[in-house]
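Look at the two complexes coming up: subunit A is in both, with subunit B in one and subunit C in the other.
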Partner chain A sequence: MLMYTLKRLLAGVITVWFIATATFIAMHQVPGDPLMNDKAVSAEIRANLEAKYGLDKPVTTQYFIFLGNMLKGDFGISFTQQNRKVNDIIRDHFPVSATLGILAIFFAATGGVLFGALTAVYRNRMPDVAIMFLVILGISVPSFVFAALGQLMLVNINSLFGYSVIPVAGWGTIWHMLMPSLVLGLTTMALLTRLMRSSMLEVVNEDYIKTAKAKGLSPTRIFFRHQLRNAILPVVTVLGPQIAAITTGGFVVELVFAIPGLGRYFVQAVQQLDYTVIMGTTVFYGAFLVFMVIVVDILYGFIDPRVRLS
Partner chain B sequence: MSLFQPETSMFEPLETQDGAEVITRPSLSYWQDAWVRLKKNTRAIISLNIIILLAIFTLLGPFFWDVDPALQDLNQVSQPPSMPKTALVVGSYQSWDGVTIENYEPPEDYADSVPAPTNFRTEGKPTTQVVRLVWDPVPEADGYNVYRNVREPQGFADLGLPLGATYGDELSYEDRLSLESRDYYYSVVPTDGIDEYEIFARLVITPQLAITQEDALERGLINRIDDVAIGELVEIEFHPLGTDYLGRDMLARLMEGARVSLFIGIVAPLLYVIVGIIYGGFAGYIGGRFDVVLMRFADFVVALPFLLFMILFKIAFGIGPGESGIMPMLIALVLLMWPATARLVRGQVLQIREEGYIEAARLLGGKNHYLIMRHIIPNTMGVILVTLTFAVPAAIFTEAFLSFIGMGVAPPTPSWGSMCNEGVKTMLSHPHELFFPALLISITVLAFNLLGDGLTEALDSKMRSRD
Partner chain C sequence: MSETLLSVRDLEVEFDTYGGTVKAVRGVSFDVAKGETLAIVGESGCGKSVTVQTLMGLIPMPPGRITNGTATLKDKSILNLPAAEANKFRGVEIGMIFQDPMSSLNPTMTIGDQIAETLRVHRGKSHQEAFGMAIELLEKTHIPEAAKRARQYPFEFSGGMLQRAMIAQSLACNPSILIADEPTTALDVTIQAQILELMLELQRTEDMSIILITHDLAVVARMADRVAVMYAGQVVESGSVDDIFYQSAHPYTLGLKAAMPSNTHDRDKSLTPILGSPPDLFQPPAGCGYCARCPHAMKICAEHLPEITEVGDEHHARCWLQHESAPTIEMLHQAGG
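Entry: the complex of A and B
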């Protein structure tokens, strides 16, 4: 168990290094540089600026400086926002994205498990057909359309009441978070519902269910203790990769709902070629996702005692 | 009890029957068998037909609908879908003196309240060139304000756009403010010269689309100025699915956008599946240390946060002025997506390598490349085909997603995603600009997903015994 965890962690660290290197190489391939955005600067000022940001050194030196600073947890200063540290940007905006993501995962997981179990219980009957239709819709319609429609719905609700019941955009209260996280979780919810349904249908025919019935257990007890608990396992496995999908999906939702999350910052930084912010956020996001997947995998061993981690 | 008495006639040979031992069930190859099973799946077949229709729409559409998708028809901006429309040919604008009261005497006392103006009407035919409003005087009033709304006013505070004010002796107003052929709710409010009385008369008008001969000639609707006379109708540019915010034809743009979206959606998966097959095939077939190293590298690529690197690579390859940005997106997709296929193919190859028939072929002297080409690749084809089908919607989504956040295809090249991006901005007033591209994305993704489901079932040879 400990060996497994250590092994995974080591692989994770190497992966993060790989991400950092790939980001560095990609960034240095980009035509143009952040200083180009400024008004025409004379050669001397330009040289000074380059010296200030360390852009005058050879690429390999820049790479090792970058790696060294990263080990210290320092991603440098933003090029476009004077005197603002990348660490500060991440500290200010990542919690927003994380809150949004956690809520979305919560909606997706509860909804997916619930609806998936329902469809399996009511197989080929009305609730099954209706939910599976919605699932297909959820998988086929792009998330930005849902975001736009969700916002439209809020506008209509508010105009129905005559005042702002649920804010249409922005961030701050729990009411602000409701619609964006729901929209963000929708696609994942659809995927999880599908997965839960097939896994549940498999479980229903297992011998231990028959045994439980023969023992005379109540249907609710069989449903919760025996079917749900066993069927939920595959859902947990995909939760790790889905966390990654949800975090990146957050870009659109943050854009549409004007949420000050890290995703919006990243898009902005890319448009302005803000080297340090791009590299910082990419490495941070990458590391976060890599370790989330590891955590989910390890947790899986606790949830399902049959899985031996090795 | 009599014994059985055999007769010689019982021992005659039977006539030989032809074909008694012929297998009646036709011998089907793997692919024929899969096709038979796929044909039974209604949903998959409908999806296949939709995909064929989409291909026709994309490839043959421009021959039937020969409209330049980049042409801006600024006379018809953000038009909803419609049937062919005609416009009334009118003369050039003639100035109008309006209706005034001769020898007007302003009221001596200002009344607390006044009745609403009566007989609120139009003078002449209301067209998009000009709408002339006339009303009867209110004796106690010393002026009027005219408002225009595009929907039915909900009360006095909701009269809409204030068009202008008149003095007490002027009983008419001429509206020439960017008129469209739609319902207008005009209101006229009497004033005491400065302040409004809280009462109004209302008139609902739908101005007729009008065009002058000169404009018609300039827009190419007629060839010579005297092709149509004033008062006749002329057909104007036809936009069956409406126009966008720059007056570009939606249908033509959807076709052009389909070419971009489907190109990325089909070519990118094809490319990275090929890369994946080669990579995974080598790793799986050679095996050993080589396999470990190759797969470890693939693991790293998988761990890259997909969207971040998609954006990063896209800008790293750069878009020059006038380029559409399709190629950088294609390369970025291939660079990031190949490991999934590589892993899958490697797993398949590892499994198939141990099968008895490979061993047999090797014993019979089959060379490596023969084994790979003849036995291993054909046996992985089913799985690869399914991956490919599911990869198409994923690629289409990625393109739409990137274009939506403004990181995808550069304008003016349309793609379904960038059209959605533009449509979202005018979602409330002109929903068709978002609806059509979003619908096409959804239908395409749905069709490929259902086809993929069908293929998974059809290509699974274990299913054969269940028939």
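Entry: the complex of A and C
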């Protein structure tokens, strides 16, 4: 298990390095640079600024400086925001995105497993048909539509009670988090429901379920001890990439609900060619993604003994 | 005959499929006495597995349906019971092992936990106590280093070892009957012999009856006290193992025997198959199911279902040839048939 974890971590470091390099190359291929955004600066000021930020050096030198700083955990200063270090931006706004993402994943995973199991039990009957209809809706409708609908619903609820029961937008309390995380997790929940359903239906026909019946176990015990745990394996596998998709893909929801998350800075930086912020957020998100995948892989080892020992 | 444990009468089972209704079991009767081994023999699709799975309540209903018949275990009916009632005898009075041990155990639970589970559910043992008993059961089935093996998962076991673990699991509550549904079909020949040997040994020490489902006559000869030969959802011949092998009364039994590979004959001699294929059980024939393949078929065979005729002590055949007014095979041969 230790070797397994170490191997995964090493592979993770290489992946992060690869992400950093690819982002660096891609960023320098984009025409223009961060200093061209504002009104024209004179050649002398420009030269001074380039020297300050190290943009006058050859690209390879810049690359190694960047890698060296990254190893020290320093992503530099933002080009567009006054006096803000990239590290500060991440430190201030990532916890918000992460909280939102974790809550969304929690909704998605519990909902997906629950509804998936339910549809499998009631296969081809009313609950199954109804849930599967919602699942297809959840997969096909983009999240900003759900975000707007969710807000509308909150507005209606609040006006019904005459005061703000659940805040429509903003950030701060657990009540603020409820609707956005639900909206953010909806697509993933739909995906997981579908996966869980097919996985459950597969496991029902396994020989060991027949064995469990022949042992004289109660249907409830068979369901929880023998069926659910085996059916959940494929769901756990996709959980890693889904966590990454949710935490990085949350900026639309963050925008609609006016949540001060990292997503907004991530997108803004790309529009403004803010080199340091692009590099900082991308590498950080990349590392986070890799880390979550490793965590899920290790978790998987606990659920499936075959992975743990091979 | 000693005390009868299990008695099955006129069992009929159907399945609804997209192609129509399949009459998989069409009036099967047999008894299992204490301590004996009953072998149910027949080719694929003859209904032997469906019969025992119906007894255990393992047939999903729907699409399956019991349309007729009774089954009593120690004078209590065991058919069509709700799960809670059925679980009073499943795993307790009757243990069952299956064809493919590789897929018959839960891959995410240790072997010991799976055996202990039966004891915890039926005997109310604590986890620790049940696990200890599971190790003893594994020792009883001659699994080396049982204490260590009990903590391992099915994927760490070989096929033969898994079948031993399955047997250990089925024996947990000291059942009076062990149903073995083709227990050695998925194993190679040397392992097969070991598993059969183990079953015979445990039958003696545990004093239990065995219902052995197989299509292998060599296994029957080695294991069985009594034999029921099934064909197209019916028992066509039943009797003691000696009667079935040496006094075969049904042409299908004779056909099976002739089709057996032998190592005493000439090497170049090819096998003698039974020509044709079994009848379509979507529309079972009015007469004898074997009639179309039977070398001795008569006019009546196609029109009327043969009665069960007693051909000897505890030896029955469902064949018109055994009817008192039927011509003997010798007569047919003399007539040039």
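Keep in mind that, in the parts below, the second predicted complex is superposed on the first by the 306 of 310 C-alpha atoms of A that agree within 3 Å, B and C clash if a C-alpha of one lies under 4 Å from a C-alpha of the other, contacts with A are read in each partner's own complex, and residues count from 1 in each chain.
What we mean here is this: contacts are C-beta pairs under 8 Å (C-beta built on N, C-alpha and C of every residue); 3 or more make two chains touch, one makes a residue touch a chain.
None of the values given here were measured: they were computed from a predicted structure.
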item: Fit or clash between subunit C and subunit B when superposed on subunit A; value: fit
item: Which of subunit B and subunit C A:Q29 touches, first, second, both or neither; value: first
item: Partner chain(s) touched by A:E206 [first = subunit B, second = subunit C, both, neither]; value: second
item: Partner chain in contact with A:V267 - subunit B first, subunit C second, else both or neither; value: first
item: Subunit B or subunit C, by number of subunit A residues touched; value: B
item: Contacts of A:R229 with subunit B and subunit C, given as first, second, both or neither; value: second
item: Contacts of A:I139 with subunit B and subunit C, given as first, second, both or neither; value: first
item: Touching partner for A:G68 - first (subunit B), second (subunit C), both, neither; value: neither
item: Touching partner for A:I303 - first (subunit B), second (subunit C), both, neither; value: second
item: Partner chain in contact with A:P219 - subunit B first, subunit C second, else both or neither; value: second
item: Where subunit B and subunit C come nearest after superposition, their Cα distance in Å; value: 8
item: Touching residues (chain side subunit A, partner subunit C) in the complex; value: 206-208, 210-219, 221, 225-226, 229-230, 233, 303-306, 309
item: Residues on subunit C engaged by subunit A in the complex (per definition of touch); value: 56-58, 83-84, 86-92, 95-96, 98, 100, 103-110, 117-118, 121-122, 153, 155-156, 166, 169-170
item: Interface residues, subunit B side, partner subunit A - complex; value: 299-300, 303-309, 311-313, 315-318, 393, 397, 400-401, 404-407, 417, 420-421, 424, 427-428, 434, 438, 441-443, 445-446, 449-450
item: Residue ranges of subunit A in contact with subunit B within the complex; value: 11, 14-15, 18-19, 22-23, 26-27, 29-31, 136-137, 139-145, 148, 152, 155, 244, 247-248, 251-252, 255-256, 266-267, 270-271, 273, 278, 281-282, 285-286, 289-290
